[in-house]
Amino acid sequence: MSYTAGVVGGSGFTGGELLRLLDGHPDFEIVQATSRQYEKRSVGTVHPNLRHLDLRFSDPADLDSVDVLFTATPHGVSMGRIDAFLDHADVVVDLSADFRLATEDAYDRWYDGHDAPEYLDRAVYALPELTRDELPGAELIASGGCNATVTILGLLPLIAAGLVDPADRIVVDVKVGSSEGGAGGGAASSHPERSGIVRPYAPTGHRHEAEIETQLGTQVAFTAHAVDMIRGAAATCHTFPAEAVSRKDLWGAYRERYADEPFVRLVAGGSGVYRYPEPKVLAGTNYCDVGFAADARNGRVVVFAAIDNMMKGSAGQAVHGANVALGIEETTGLDFHGLHPVGAP
Amino acid sequence: MSYTAGVVGGSGFTGGELLRLLDGHPDFEIVQATSRQYEKRSVGTVHPNLRHLDLRFSDPADLDSVDVLFTATPHGVSMGRIDAFLDHADVVVDLSADFRLATEDAYDRWYDGHDAPEYLDRAVYALPELTRDELPGAELIASGGCNATVTILGLLPLIAAGLVDPADRIVVDVKVGSSEGGAGGGAASSHPERSGIVRPYAPTGHRHEAEIETQLGTQVAFTAHAVDMIRGAAATCHTFPAEAVSRKDLWGAYRERYADEPFVRLVAGGSGVYRYPEPKVLAGTNYCDVGFAADARNGRVVVFAAIDNMMKGSAGQAVHGANVALGIEETTGLDFHGLHPVGAP
Amino acid sequence: MSYTAGVVGGSGFTGGELLRLLDGHPDFEIVQATSRQYEKRSVGTVHPNLRHLDLRFSDPADLDSVDVLFTATPHGVSMGRIDAFLDHADVVVDLSADFRLATEDAYDRWYDGHDAPEYLDRAVYALPELTRDELPGAELIASGGCNATVTILGLLPLIAAGLVDPADRIVVDVKVGSSEGGAGGGAASSHPERSGIVRPYAPTGHRHEAEIETQLGTQVAFTAHAVDMIRGAAATCHTFPAEAVSRKDLWGAYRERYADEPFVRLVAGGSGVYRYPEPKVLAGTNYCDVGFAADARNGRVVVFAAIDNMMKGSAGQAVHGANVALGIEETTGLDFHGLHPVGAP
Amino acid sequence: MSYTAGVVGGSGFTGGELLRLLDGHPDFEIVQATSRQYEKRSVGTVHPNLRHLDLRFSDPADLDSVDVLFTATPHGVSMGRIDAFLDHADVVVDLSADFRLATEDAYDRWYDGHDAPEYLDRAVYALPELTRDELPGAELIASGGCNATVTILGLLPLIAAGLVDPADRIVVDVKVGSSEGGAGGGAASSHPERSGIVRPYAPTGHRHEAEIETQLGTQVAFTAHAVDMIRGAAATCHTFPAEAVSRKDLWGAYRERYADEPFVRLVAGGSGVYRYPEPKVLAGTNYCDVGFAADARNGRVVVFAAIDNMMKGSAGQAVHGANVALGIEETTGLDFHGLHPVGAP
């Protein structure tokens, strides 16, 4: 069985990653990639890893009808075009934040409101480890964001096992690469200013808090730092449970939750150089590596989670979600295991 | 007035940084640098920025008598040689952890005990912003460590102003460069394995907790990550004060404490690319930049502090401490302001 | 049809890359990976991208019999064990330099002689673009080296088309990543010393000159620089042909030679950010990108070639060579197209 | 004796570096820094290493009268404003290419002509190692460019000693950092696209050829590559002299020419990690390190030269030139020796 697929916003980083994955996916056939800026230019001009594709960007206004439409536009665009998107596809997988929150109120509070609030109830959030059962048959899928994904997957077993109480304070200290900022960007994103940094941005009040709390059901205090890599997001979560939590408790909770998950791996100690989750070894993969440590002296639990933000936090998760929604074996097209040695991909 | 100076452990990174600073210091004259491994080799062979020095490493067993001896040896060495060091100098400034903790008990708990506990009472901890008044006349100075320095300077005003209670939980999430690991190192420090990383190390129970708590009087839950830079340490401190703390409270507390400090700068918001502390712009300088944000939604205060770990966290702090101890104007020899643009120095 | 495969030296970078490729190759089944240092440890302990493999390193002295044995040991090892290797496999693919040169004399001149010169005639050099027809049926394959591969593929069409005369001087200025130095390494390979460099090494007399000249039939003046990446080799070749060479001549010669090559792409001008060969976009792929420019003002031709040195210059080429030797479709198992955006993988 | 100084174009990278140097120079007093884009903003907002300066950018149209005016504007601006510049200063030091070439013809050929050709004869080129004697008393100084400086200083002794004949082919293969592109920049300069690269740019016909040939009197075939550093330019020059040149000849020629030069150091072999010129150890310094090797097998001489392009190739050279022009001891204000360890500054 093969599905036709289109990508709206194909010249952005996320759009390019979608095209890379769909090109290697046996059950999808790419029929269209749109880009206003690069209309009529070959896809390989923008994405040098796609030079082998015989495909040119087309005008976003001229959508082909497809089975699945992946929309990778800046936040705010999809909500304005959602009717057209759904007219041209059986399933729309949106990679922006436009359908991730549950209510219009939430968009009023965290964004500048919402243009199509009537769709919020129809959208299914795609983080298959959390919402696998809701995806089959979905027509509008809101693919989970990078910072939310890495945080949620890090904390989920703690919450699920009751090791953390919703009243416990949770600090989430995230380190991210420059691809999160997208193509283009201003002075702060230029190589001389962006290289070599450990730069706090949005120290408080980051919109990802809303997405995390919506899905996780627990408040988190989130702070992000930009560091010198291109792909990758790493979350370190610190919490002080009221009841003591042992290393054994942690292994139990995480194994319980993730034993059968194809894209979550537990990396918590052991020998060798790579003992805890690190984003660089995940570049190009759809894995989320999760590790943890019990800090008896401080009554603290520390959780580490890492992803390639372009994959598990974006295009990979969208394909994963589409696989589940369509009944395709869920790891299909997502079988790259990463490189070693590798730098800052 | 000029003082003669010697550097024990001159071929290490810290020793080289000391030689760089002493060479540019108008009140010190370098008479000796020791290195077992590089004995008789010119200093410039190891430190390419010191090629202009006419100085060769000598055997550490043959110490010259000097006014001030800076000892930059691995932890555990100074405690075994402290008698010899003090025999050859009026003032010994030790850059290791050997005299930073207050009691033999603490060394039993955090290290492998102590060989010369009778000196612990005589040692004065050098973090001039904290111990300036105790330094004049000191004979044995224990120069503060990098992770402790950046954490203490970040949190000190909060504690001093009573905005944080000793019972409040404090998370310290630190990001450090590879120079902290020293010259040499094994597979984990090799370029292919160490590049591009966000790598948790010592996720809990780091020895710096002992140093921080000794000086700050408050327990902290500390976790360090290695990131892709050579120089630099950045601490992000998260705490949830029982009483609400406003941005104005924070400005008040930090201004109060640091108004007259020559090496602490407040960088908290504003415009431009560099709105919060970042280590890369501090490379080669003795500054500690400190910033903060009030997170009303989560009842949290976030503090950012950044240093060049080779400078404010090591050699720069040792020279600063020696300046204060000897009555030299305290910024002497520490007047480099850093570079822009700059990468990951 | 499936072949059993073993990897000698499986814990090195090249060995790990072989295991990655063989794991994803439908016609090979890995039965053994040896490592003296990591015997009995799981492969994933050393190579974090192979955590999914259920395989432990075994003692190199206990070789299993396999169809194809890939040997990824330091130079000088294979020549001493070649009898044992051939006893345990129908085909040995050696990734060291031990069988790349044609004569014992050459090993006397460039290396420290040769322990098994009687095998030099039997070995077939694997650079399929050059030696495709000689590979089927080969029992001992000497897989071409990284610097030689990127240089030869850059220059081959110029020589083949007669645009360059063997008497013309050819400068080859190469930039390479740190994976070329292998795992481990000393001070020069440590992250603090190796980061951010443009470092000349072996400015003249590099052994790769011997390999290049043996295969290309033309003398080259070779100089290599280490730069801040992990994977990748980029060769810039400068030559001054006696007769003027136009851009059209160049396109003709390169198209003629490479029109049907699956792993060579011509990238010479055009629009977008990536107009000439660049190693970073090739990370993980078996491509060699080749570009060129005619410099009429200086009577010069400039050729650019780039590879991932772990792939086209090492493990990828070995698998490519084995594919051809065994009659497997030659791109099998080598179909990764790379990532975008991507840093310094 | 103190001179007043102004900087036109103070918010660019070069302008910032000038302000850094003038701030630390005992004989200059900064009275003005202009910036159209950042008018009325403090200098420290743009250049975080100048936060201690009490100075705001002013409108470039309102020039103060100063003793020395440093103009760091994009190419083409100074030639249009040169009358105004000279009206407001006794000495103008221009850091653009506008007055570096000798004739209007040259600007017609390499640029888009020249607006004020009558000044070309009056301008003195500042590369003090080459033009020291012409600088005293100069009113209009054209400070030498980065790629030209590193190439000229690498080749000068070869030419001066007659070891290379003007008819010998010279290949100059240069590797440069991202600061050469200036602040801002488009997609190609963004962190995700610019990181980790070895990217050929202007493979042939680079304008620096004109500057090099004008000053050196010899044609060179120049190719530049962008690599992953911010500061730094490294030139590798390859030439094949008609007569054999030995290592001893090279040492003789380079010592003869550079024995008394304060900013040129010979680094050619020896022991340790840093055996040849490398830009990273020069960051922030005004040195040009020069090394070389004789390649008897290929009849080749290889020369390596490295600078910090912001310093010896730009602002440092401008201050050096002004020092010589004004009779100030020439190393004044240029005494920083660099850092070790250091990454990619």
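Read from first to last, the chains carry the letters A, B, C and D; within each, the first residue is number 1.
Basically, a residue touches a chain if its C-beta (ideal position, glycine included) is under 8 Å from a C-beta of that chain, and two chains touch if they have at least 3 such contacts.
Since the model is a prediction, treat every value here as computed from it, not as a measurement.
*Asks:* Cα superposition of chain B onto chain C: how big is the rotation, rounded to the nearest 5°?
*Replies:* With C-alpha atoms aligned, the rotation comes to 180 degrees.
*Asks:* Which chain maximises the distance between its CA centroid and that of chain C?
*Replies:* In terms of C-alpha centroids, the chain at the greatest distance from chain C is B.
*Asks:* If you average the CA atoms of chain B and of chain C, how many Å lie between those two points?
*Replies:* Averaging C-alpha atoms per chain gives centres 45 Å apart.
*Asks:* Suppose each chain is reduced to the average of its Cα coordinates; what separation in Å results between chain A and chain C?
*Replies:* Whole-Å distance between the two chain centres: 35.
*Asks:* Which chain A residues touch at least two other chains?
*Replies:* Correct list: 13, 178-179, 183, 187, 192-193, 195-196, 228-230, 273, 278, 341-345.
*Asks:* In the complex of these two chains, what residues of chain B are touching chain D?
*Replies:* It is residues 13, 16-17, 20, 23-24, 41, 45-52, 177-179, 183, 229-231, 265, 267, 270-274, 278, 281, 283-285, 310, 335-345 of chain B that touch chain D.
*Asks:* Help me check something: in the complex, which residues belonging to chain B touch chain A?
*Replies:* Residue positions touching the partner: 169, 171, 173, 175, 187-188, 192-193, 195-200, 203-205, 209, 219-221, 223, 225, 227-229, 232, 234, 236, 238, 240, 273, 275-280, 291, 293-295, 297-298, 300, 302, 304, 306, 341-345.
*Asks:* Under the definition above, what is the set of chain A residues touching chain D in their complex?
*Replies:* Of all residues in chain A, those touching chain D are 13, 178-179, 181, 183-185, 187, 189-196, 228, 230, 343-344.
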